[in-house]
Amino acid sequence: QDVGVTATEILLGEVQPMSGPASLIGKAGAAGSKLAIAEINAKGGINGRKLRAIYEDDGYVPARSVTAVKKLIDSEKVFALTGTTGSSHMVAMLPTIEEAKIPTIVHMAPNPAVVSPRRPTVFMIGPDYDLAGFVPVSYMVEKLGQKSGKFGILYQDDDFGKALLAGYQKAVKQHGVTSVAEIPFKRGAKDFSAEVLSLKEKGITAVYLGTLTTESAAVMAEFRRLGMKPVIGTLWAGQLPAAVKLAAPSGFEYLIPDYYASNYDPAGIKLMALAKQHLNADDYANFNRYTVSGYVGTQVLAEGIRRCGPKVTRVCVVEQLNKLKDYNTGGLTGPVSFDNPKAQAVLPIKLFQTDPKNATVRSLTDFIAY
Amino acid sequence: MRLPWSITAASLERAAMLTITNLQVYYDRAVEALRDASFEVQAGQIVALLGSNGAGKSTVLKSISGVLYPEDGEILGGSIAYEGTSLAGLAPHEIVRRGIVQVPEGRRLFDKLTVEENLLMGGYSRPLGEINAALDQVFTLFPDVKQHRSRVSGYLSGGQQQMVAIGRALMSRPRLLLLDEPSLGLAPQIIAEIFGAIRRLRDEQKMTVLLVEQNAQLALSVADYGYIMERGRVVLDGEPSKLLSNEDVKEFYLGMGAGVDQRRSMRDVKHYKRRKRWLS
Amino acid sequence: MSYFLNLLMSGLVIGSLYGLIAMGFAMVYRATGMVNFAVGEVMMMTAYISYNLAQVPGLGFMGVFLAMLPISMLLGWAIERVFIRPMLGEPMFSRVMVTIGLAVVIRSAVILIWGVEPQPYPRLLGDEVIRLGEMALYPSQIFSLCIMALLCLVMWAFFRHSRVGIAMRATSNNETTALLMGINVNRISGIAWALSSFFSAMAGLAFCLMFALEPEVSQMGLRGFPATILGGLDSVVGGAFGGLVIGVAENMAGGYLGRGLKEIAGFVLIIVVLMVKPYGLFGQREIERV
Amino acid sequence: MTPLLELSGVSKRFGGLDALSGIDLKVMPGQIYSVIGPNGAGKTTLFNMASCLLHPSAGQIRFGGQDITGKPAHLMPRLGMARTFQNLAVFKHETVIDNILTGMHTHLKTGILGAALFWGPTRKAEIAAREAAEEIVEFLEIETIRDVPVGTLSYGLQKRVELGRALAMRPRLLLLDEMVSGMNQEETEDIARFILDIREERGITVMMIEHDMGIVMDISDHVAVLNFGRKIADGTPQEVSAHPAVVAAYLGVAENAAGGQP
Amino acid sequence: MRTRSYKTSYSDLVALSQYQSTWIWAIAGLMVLAFAPVVLGSHGLSILSVIFVMGIGILGLNLLTGVTGLISLAHAGFLLIGAYAQAILTTDYHFPVWLAVFASGLVAAIASLVVGVPSLRLKGLYLAITTLAFTFIVRHVVLFAEGLTRGSEGMAVEPLVLMGYAVKSDVSFFYVALAMVVLFVLLTLNIMRSRIGRAWLAVRDHDIAARAMGISLMRYKLLAFMVCAFYTGVAGALVALQTRYINVDTFSILVSIEALAMVIVGGLGRVHGALLGTALILVLPELLSFGFSLAGDRFTTLLSDRIYEIKGLLYGVVILAFLRLEPEGLAGIWRKVKRFWVHWPLSQ
């Protein structure tokens, strides 16, 4: 048997921002993983072995992610890693992961740098970030009559924001529309009055917001204050219940692309019911799309382990995952396949739109591959 | 007047305003600054506390005012009784409210504040209505201070600062005034004025003064009673006339050659030192 | 022109928030000579408390506002009493460190109690956009401007006409002498903390009304620090002014220069000002005498 | 003989206040030169000019024949000038011996690399410095407090340490600002003896500000009197103490002048 | 009862340590540390390595803030510069990795002049804010100068190669970190017993008197900044070598504040204090985790996701309690323990 595997148990590990403001995401992710494990264990585990996971906190600081992952690998002796934190944090952990040759699923913050160059034991679920920029802009042009609209983007001044920008630019170019404003902002900014004013000055009619929860709400409040009514698209984090609730008073119906179902989707609602059954109240309260993410990530890893049969080794799991094709997540995502050179499951994307009146989200399209 | 009795006998006879008994003070739990220092101050008197550098005079005053703790000092034994009640455990501002104010050694002005603000702070414990009268009193005592009232006190000369420091303490009209080396850095003329003022405070306002001074001659010339401290304890006490006639006092505190009642020139100071009798 | 005016206006709005925070910093500094690194956290805590109050039906804005006055002052006073006072007479660095420790504690405690998820804060003042010529403002933004202006006036009068104001400066100037003069140093520091906490509470309230209730409120604390420095550490009213200046500078940089310069515009401004006036715009210089 | 220190027409204004106006004076090598005057007369300011901590608004200062007007203060020790301060300026948290060693700063030449390695010449120089410091400790009779942090010493002892630190600078001219304030007769006498010894044994010229007429009259060779920023008299102790302007402005009653105690 | 050993020559008086026994203890301590890899797992070792690496930076900060009295929040900025210098020099300019470590220190030292110069005019917190501004501006520049730094993408860092052997494992890095920290401790102790250390202390205690001693404030303040930045730059380079990936997020402003906390908790101006402070602040979270893990799974599930906040809370509480009990920091405790020991059996 391999490290972290005993006759009765398989030990998994996950590094997440469990403290501080980013813990909104980290805790939800961990809850998803807990849910998957609880569900599997309730059904008797994998080939007789129960799963157990250890969640390490990195406080959303890359250097701490490295310490945390070392702790999981070297001290806790986990068998595989199911979850990961933000993009740069993941990149920071990669050398350690690569050296330890430990099977790792990346299901949050799908950063292209994770799979190029390919690390043999690392598998990523999710399309590249730039699709989050590409899809809503395309939809605006094609379906929302913005063919001759003036486009603008506000993006966070880091690699995550830059990826979104790249997707946005690709869409703008592909559809031959004009982009009049590309405005970066620093992470943690609260006040967007200057940025929004210059968007107004440029006369935008459609805007892409590369912003997270509270920032999106702040930007939309500014739109309302200045009497602007642009068409708005954002990324998947925009369908966090908190984001939707915060933005609702401004009354915008904004577009959200996502490769995971959410609290508002039939598949998501089903998962929530399951969560209610298996998770404690705190974890249940944290439920959002990152819970789905954590759930899917862990299920996929579990599938790899399951396919190895009773003799579980890292080599075998990696081999099985490499062969994974069209794994069905029950509507939570499109089919998951790692059988490509990058070992990245480029998932199809579904578009959602918010309903500010009820502070909920409805789906516009089905999962569509781009 | 007082008889040169021993302290205990004296305190039996008449309750003193301030009685210090066997005071023992440590700094940092390591440096013994006072060991069994005992003395008392009678109401309405000027009591001089003399002693060489490091004898513990300032420590005595800090103990009375309750400000040892910022320097990690601690009273480990003995007691300080003021008008029959113990001062132990009282916060410094409560002590001030009872009428004890100190002019600390080395002026310690609020150097960022103006002269006038410094004086106002001196009168912090008094009702606002009385402040103007008190200010006027200080200005009559030190006309120089009035002239500089709106200057930032940190930029005054050393002597000017000393005047402000004394004036500031007087602002609260204390009943017991603790002066730590008031003549420090003052020109002879001003010193004479200040000592005149101290005398007047006693005579006219019945203020009690505990005066720590290096200038023994001067201190004893205004004092009603004197104590001499060495290495943390009182080694000699008595009325000025008694102290002034003591051979050691003459030699070490007044600078008179042995047996002669004339001040010797400092050019003639010996390179070897004579031991003080009270230590042997 | 309207672009400029709008930039200016929203600069003033965010600046008033910085200003309120800066006043909280300056208050404690003025009275005790220490920096309170927990200003942002006090702001966070009071914001969350006010959120619970705001949920009480019928209390309304005035109710919350009036309730926050004693609550925040009491909180500040309690912090002083429990954490700061025992450190009296200890080295300044250790005292400042206490506020850093306090910040960690409050931050964790608030998240522990209220959770991390950002919450929409009830729009107590309504949500109608108010138009002033070419400019438009939310009521909450007007509140932020007004409360800062009001507190500024009150503080100005306080320092000018009350002996406690001078006593605060005296205490931070020389604590031992303040003790010797009969100044109740503990009370002074208690008052300062209570007032500082009140300023922070107002900043927190303004923040929540404008944005949302979220744990990151606490990070605003550090952003108010430059304003304090710009105004001069020991000047409460200066801090308010510094806040406005930085708010406007940031917005102008964001509006005219772009490229993420908004974030550092305030800092660049501070460096420039400090090179000319090393003690900020209204700060008192250290006395350097021999 | 050229004067060691020469001020010509030195004035200093602080805002609207004339702290010094048109001061001329000459300190000859080997002299003990006292400056007296009422509080606020400008004596300390005069020292601050001489040691270049402040620069005059007008006038010129020459030290050892060289014009030092406007030079940075930290060059003075190298030229051979050392001073003490009226309001204790010791390094409170350092020990007595470290204070004295700091005084030797300019006589050591160690750079940062030498210091970090502490090898060869650095080590030798440090040992020599320590030896010299011990000698000063012995001279000032402060052996017992050698390793005590200066901040915990009594006022008088701190002043003595400050004197030691100034001596460590191996100056040609020593400026003492109110050295004996806060000292009793015995300690004043000790300081007087030190000053005389400093001059005799080390050949250092001493310039001092004092309010204690005893020490001024007894040991100085020359006395200058300032009042309101102007020099009102200048001469031997006897001449000065008989000068009517001095008596009026400073000493008060005439007989005090000789007696020392007012 | 231990007595001060009798000095027979002046060279004894300038020795690194006043007591022979200090050497014995120090060597014994090093021996114990040298065998740490036998006992500790890789996680424990990497924690120790982080302590050593950060400790080097804190030694430098201590020279600047504790010894020279200049409050600096530029620590994160210096670390960032050191780390990026290491990455850039080795990847783009092919410096030998070990040389790049020291070169990174130098780069940081030169960069420090930018904050050093304002320090000549500013005091206390006014200086603190400009150093804070420095950190922000450095972060901005790193993000902006994409050509050099790859912007927000971050950089991968080549491992250290010593005599043909790549220092990749935690054990080998541990020894490198240990050797470096010992080296820097010795350098620091030497600087502190030379005229430069004394000059810095003088600048802190009384800058006017320092000038009168012939100490040029400009020179020594700048020197303090440069030395601090050198130490911190080296520490930054080592951080880069340890994590082997860097980006700006690792060096947020909180790192600067935490660094100050380490210096203060350690006891300002003390060499051993700086190291103890670093160790305490870094080990505390580990200890708390360990404590919780001892309490068992059931307990942790009971607390569920609140455990992380509870940890944060306890962390703060420990620091507060510590300051309350020992405001002079760990160095104060050290001193008291030593005094007790020295005076034993006479100590009360």
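Labels for the chains are A, B, C, D and E, by order of writing; each one numbers its residues from 1.
Criterion: contacts are C-beta pairs under 8 Å (C-beta built on N, C-alpha and C of every residue); 3 or more make two chains touch, one makes a residue touch a chain.
Predicted model, so just to flag it, every value in this text is computed and none were measured.
Undergrad: Considering only chains that satisfy the touch condition with subunit B, which of them also satisfy it with subunit E?
TA: Correct list: C, D.
Undergrad: Following contacts chain by chain, what is the lowest number of steps it takes to reach subunit D starting at subunit A?
TA: So the least number of steps between the two chains is 2.
Undergrad: What chain is the most remote from subunit E, judged by the mean position of CA atoms in each chain?
TA: It is B.
Undergrad: Roughly how far is subunit A from subunit C, centre to centre by C-alpha average, rounded to an integer in Å?
TA: The separation of the two C-alpha centroids amounts to 36 Å.
Undergrad: From the mean C-alpha coordinate of subunit D to that of subunit E, what's the distance rounded to whole Å?
TA: Here the centre of subunit E sits 41 Å away from the centre of subunit D.
Undergrad: Would you kindly tell me how far, in whole Å, the mean C-alpha position of subunit B lies from that of subunit A?
TA: 75
Undergrad: What parts of subunit B, by residue number, touch at least two of the other chains?
TA: Residue numbers touching two or more other chains: 155.
Undergrad: Of all the residues in subunit D, which ones touch at least 2 other chains?
TA: Residues 44, 53, 85-87, 89 of subunit D touch two or more partner chains.
Undergrad: For subunit C, which residues are shared contacts with two or more other chains?
TA: 108, 111, 259-260, 263, 286, 289-290
Undergrad: Could you please specify the touching residues of subunit D with respect to subunit B in the complex?
TA: Listed in rising order, the residues of subunit D that touch subunit B are 14, 37-41, 44, 86-88, 152-157, 178, 181-190, 192-193, 196, 211, 213-215, 218-219, 250-253, 256, 259-262.
Undergrad: Across the complex, what residues on subunit B touch subunit D?
TA: The contact residues of subunit B facing subunit D are 27-28, 31, 50-55, 58, 105-107, 144, 155-160, 162-163, 181, 184-192, 214-218, 252-255, 263, 265-267, 269, 271.
Undergrad: Report the residues of subunit C in contact with subunit E in the complex, numbered from low to high.
TA: 29, 35, 37, 83, 86-87, 90-91, 93-94, 96-98, 100-109, 111-112, 222, 225-226, 229, 233, 259-260, 263-264, 267-268, 270-271, 274-275, 278-280, 283, 286, 288, 290
Undergrad: Given the complex with subunit C, which residues does subunit B contribute to the contact?
TA: 65-67, 69-70, 91-93, 95-97, 101-102, 104, 108-113, 117-118, 120-122, 124-125, 128, 152, 154-155, 168, 172
Undergrad: Where on subunit D is subunit E touching in the complex?
TA: Of all residues in subunit D, those touching subunit E are 51, 53, 72-78, 82-83, 85, 89-94, 98, 101-106, 108, 110, 112, 114-118, 122-123, 126-131, 134, 165, 169.
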